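Shared between the two complexes below is chain A, which pairs with chain B and chain C, respectively.
After this line comes the complex of A and B, so read on.
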């Protein structure tokens, strides 16, 4: 079921709020997780349940502080017969939700994945200064339709993001390539999605060519940016000397792991007793090279983390935003994860049916490994 | 540097390669003493963290020995180890780090000769290649 939805009063954001109100009133959803913007200037997410309280829902807010999949993993580990929660999230967030479903960290039964297009986001921290007093900021961002690929004020990961439209969704609400003052694109991919669309006045049609072209164009421009950034990265990072330098400012705070949506262990191995060395052990390790960096095993943490979760990294770049010493993690992990996923012909969050690369195997593959 | 002797940390599967190493020993086959063997229950039990810790703390190489594909005591452990190795190599390549310091090889309990030959070959390779860049780096 797909088609265009008429936009009320030239406000795509208010139109989506109207959908929220309808779904909540009709009892189709018990709550909706959506970006939110408070009068005081807090750019965040909120779980909305009362249709009267939707004024500060900001479904098209172009600002991101956490990857919402981390939040979903906290509250939706198990399904509940009493809850049906709509996730109105961005493509990279839904891709992370898909990975978490496959990792059995999120139970999909009580969730409806409502994906919104995303043309790029600003950091949530300080977003109030970008937005100023402009109450129409989100609508303008959606209306622009150009300059998305060139915006250097977007988060670094967004500047490289080739997925402006969600890959897996029950329902997609899109604005890219649309005349967003007058209409939005609505597409239900599953029965859950169709349930939400039922009763809406859609003018049924196929995805407009103009939209497809706009999405492809944006995606291609972003891939070019990625290639350029990785070229620069390689000059600064390749090889043992430069790699150590790249991470030389790291404080070993593990923020990058804590905010990562697909770093799914409840307790990180690096916080376990294995890494609690006593004084004697520290001295013994130090004797090997004559000195050890303290805090110890900083690079080990990063290299191991890459091995553990690059197959599922969704390239959201929230790790970089959370790093107190601004290590360029977004470009680094973009490169490492893309290469890793390519080995297995896998794309994180692309499909619920593709098995996780490290949870499957074929007898006939990679036969050279182990032989020479 | 003249006195450089490569240090290799070996993770040997209990059911195949460890027994193969045992056979090499009891058959008095000669091979260089550069590898420190650690017995593990399966090649798939060797998480990347153990490989990386060895390398970052100054090992020149890491050897992982498992049962031949199809012969895993736990049915499919070595197939999973193989996928992890592919991922490991990909990450190392992306970072510009050596991929020839970590060897995964299938050696059965009956292949004492193959075990001795493989360790000889690996030691020779690392002797020629020189010490790991992380050997002297305290700031990792």
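After this line comes the complex of A and C, so read on.
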């Protein structure tokens, strides 16, 4: 079921808030997880349940502090019989949710995946200064981004993001390629999604060509940016010596691991006693080389994380935002995961049915390794 | 470093290291005295000894004595691969009172002395191998073997001569056997054969006593027209789901009178007759079939496809026809499984230049067996398929697909030299004025009476031409073979009335599919892989599965029967125990850390790991776990580890190097 939805009072955000109110009032959803503004004007997320109290809901807020999939993993590991929680999230967040469902870290039964187009976000830290006191900021952003407008102030990962529309969703609300002052594009992909649009006044039609073209154009532009950034990255990182240098500022704080939405282990292997050495062992290791770098095992940590995450990484770049020493992780993980996923003909978060590539044996894969 | 400031090491277990010379296999390259000296300085080493053959009785006694005298807490034997003598030395340690899982092998033969001639490098590497083994060994925990009960019933898959022999041997020892055959009756390819080399006894005559005994044996539960759907469980305790395909004939009511066979108008290709004649929709493979009751081929049956006809039901005196029959599934519990899935002949239609299936009067070896067989479509008279004339010139082509890496089969099919000689001899017996010519690459006769049999063929006037034919085509009513006589160094053109291709023996495709389903190992050609090519030829690497017959590789009847009896002996040896022991070096889960993502479950080839849906934790079935470690590698958090090969141990090994 798909069609256009009329925008009230030139405010797409208020229109979506109206949908929230309706779904909560009609009992179609128990609660909705959505981007929100705190009273202080900072970008955050909130779980809304009272249709009267949606003032702080800011579904189109263009700033990201965490990937909301991490939060979903915290509360939706198990399904609850009656709960029906709507996740109004960005494409990269929904893609991470899909990966977590496949990794059995999120139970999908109590969730409704509601996506929104996203053309890019600012870092949440400092976003208050970007937005100022402009109450119409989100709508202006949508207006500007409904056609592709490059914005170098967006987060690095967003500047390389080729998925402005969610890949798996029950329902999606789109503004890219639309005249967002007057109409939004609404698309229900599943029965869950159809349940939500039931009763809405949609003017049913096929996806407008203008929207398709805008989405394609945006993806193409982003791919070009990605290629350029990866070329720069290669200069800075390729080869064992440069690789060591690339990570040399690492504090071993493991923030990148903690904020990663698909890094789902309860206890990181690198926090386990495998790496706990006493003074004697440390000196023994040091003796062999004369000197060992401290903190130890930082490079191994990053290489292992790349290895573990490459198949499911959704390239949201939240790891880079969390890095206190600004190691360029977003471009690095873009490169690593993109290359790895290409080898397995896999795209993270593209489908709930595609098997996880690292656990799937195909006789035909990597036939060229070790030959010639 | 000055000893005064060297941090004190934690107390390490007392390790004894025993370095084996392996005659000169190791000591010829590795400088043993240097290794002894360097190892002696490693922390924790209480004693280092060497011996010419550690695996010999005095060698083992040296280890046992040292464990006691030197109060050893760990033992490392630096010798050959652990696949050879790990058990030897672990047993020796256990006899001396050390837990056998605290004894490890450092492989300095296959992985060191045999791979280099550089003595200095070999010596350095042997030392490092021992050092890394030490890093792991000091962390080894004492473990006790796992024991599981045994269900003393066997499943045999495939009832050709291999499956029949294995089933009879096990049943005659007093154990129940479930014998599953996909065809409606048992006997396999042997039932298609005319006479057998090198003694020329009639295949049917020697086979039927076995098929009859199998059909009537009180300990054999025979399931024909059935297939393995799935196997769950583990050695000693398998649960097998078997599909009994719809037969459309009630075997309890059917008396096997054959009235239906005469009247059935439905026609179909006959697998058993190799396409030489049409089969009927209701059929049995041969008059001596066991069980001697027909089934309906639903695809060929006019009633089942078009809803008309019903002749068989009308003529059946006992009302045994059941058009509403469906596939049924049954479950059987067994402790051991013999895979006797057999062979097929390579589809030589894929060898386009030989014209099989395209050029008239080009047939394969099994089709010629049917022409020679008294129960075949011509009642044993040799008549060519195109016009029914008796062929006066027959050309046999050996190695049609075999020993041909371009066709994907670089191996020798082993039986063709002899069966082609036999077919030529039998042809000459039937057609006295006939000419038999055999095109061959080599004639291989390494069997009892084989060379004499080959001599007999040449004495009987069979012509052997050494050279591989390049092309077979039709000219008028003759089939022409372009060949070469490499001994005379010239091209030859042979005009034949009939051409018989000794097409390559390939693993039965259904057997290959089954092996994939059961996750037992197969080689590049689909043949099932034995656990060790010399020392464990009828076992597989998956405990509880045994191999018999051509599913494991091409072989003749005597060899097949011998292997089947060997597989039966292995099953019986297992059934002789009250409980089975299983190595405790399996995977284990730290439930505190496990988040139930299921990577381990997806990676496990043995279905030994499952995520408990309630607890959302991985659970290892230790009896099923073969200890391969794949799950531990796949687990990102380290919740899954391998007993005595923990991640800590592996990192310590890497670090110690």
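Convention: the second predicted complex is superposed on the first by the 356 of 372 C-alpha atoms of A that agree within 3 Å, B and C clash if a C-alpha of one lies under 4 Å from a C-alpha of the other, contacts with A are read in each partner's own complex, and residues count from 1 in each chain.
Convention: a contact is a pair of C-beta atoms (placed from the backbone, for glycine too) under 8 Å apart; a residue touches a chain by one contact, two chains touch by 3 or more.
These numbers come from a predicted model, not from an experiment.
The superposition on chain A brings chain B into a clash with chain C.
Considering which of chain B and chain C touches more of chain A, the answer is B. By the touch criterion defined above, A:306 lies against chain B but remains apart from chain C after alignment on the C-alpha atoms of chain A. In the superposed model, A:335 makes contact with chain B only, not with chain C.
Of the two partner chains placed around the shared chain by superposition, chain C is the only one that A:105 touches, whereas chain B remains out of contact. In the superposition on chain A, A:287 makes contact with chain C only, not with chain B. Contact with chain B, but none with chain C, is seen for A:248 once the two complexes are overlaid on the shared chain. In the superposed model, A:298 lies in contact with chain B only, and not with chain C. Touch criterion met: A:356 reaches chain C, while chain B stays clear of it.
In the superposition on chain A, A:269 contacts both chain B and chain C.
Of the two partner chains placed by the overlay, neither chain B nor chain C lies in contact with A:235.
Of the stretches 109-117, 343-351 or 577-585 listed for chain C, only 109-117 runs into chain B once the two complexes are overlaid on chain A.
Once both structures are placed on chain A, chain A residues 269, 285, 308, 358, 360 are touched by chain B and, in the other complex, by chain C. Taken together, the chain B residues at the contact with chain A in this complex read 47-49, 52-53, 56-58, 66, 69-70, 76, 78-80, 82-91, 93-97, 104-106, 133-140.
Partner chain B is touched in their complex by these residues of chain A: 234, 237-244, 248, 269, 285, 288-293, 297-300, 303-304, 306-308, 310-311, 335-336, 339-340, 342-344, 357-358, 360-363, 365-367, 369-371. The part of chain A that touches chain C in the complex is made up of residues 77-78, 103-105, 264-269, 272-275, 278-280, 283-285, 287, 308, 355-356, 358-360.
Per the touch definition, chain C reaches chain A in the complex via residues 1, 6-10, 592-599, 602-603, 611, 616, 634, 636-639, 646-648, 651, 655.
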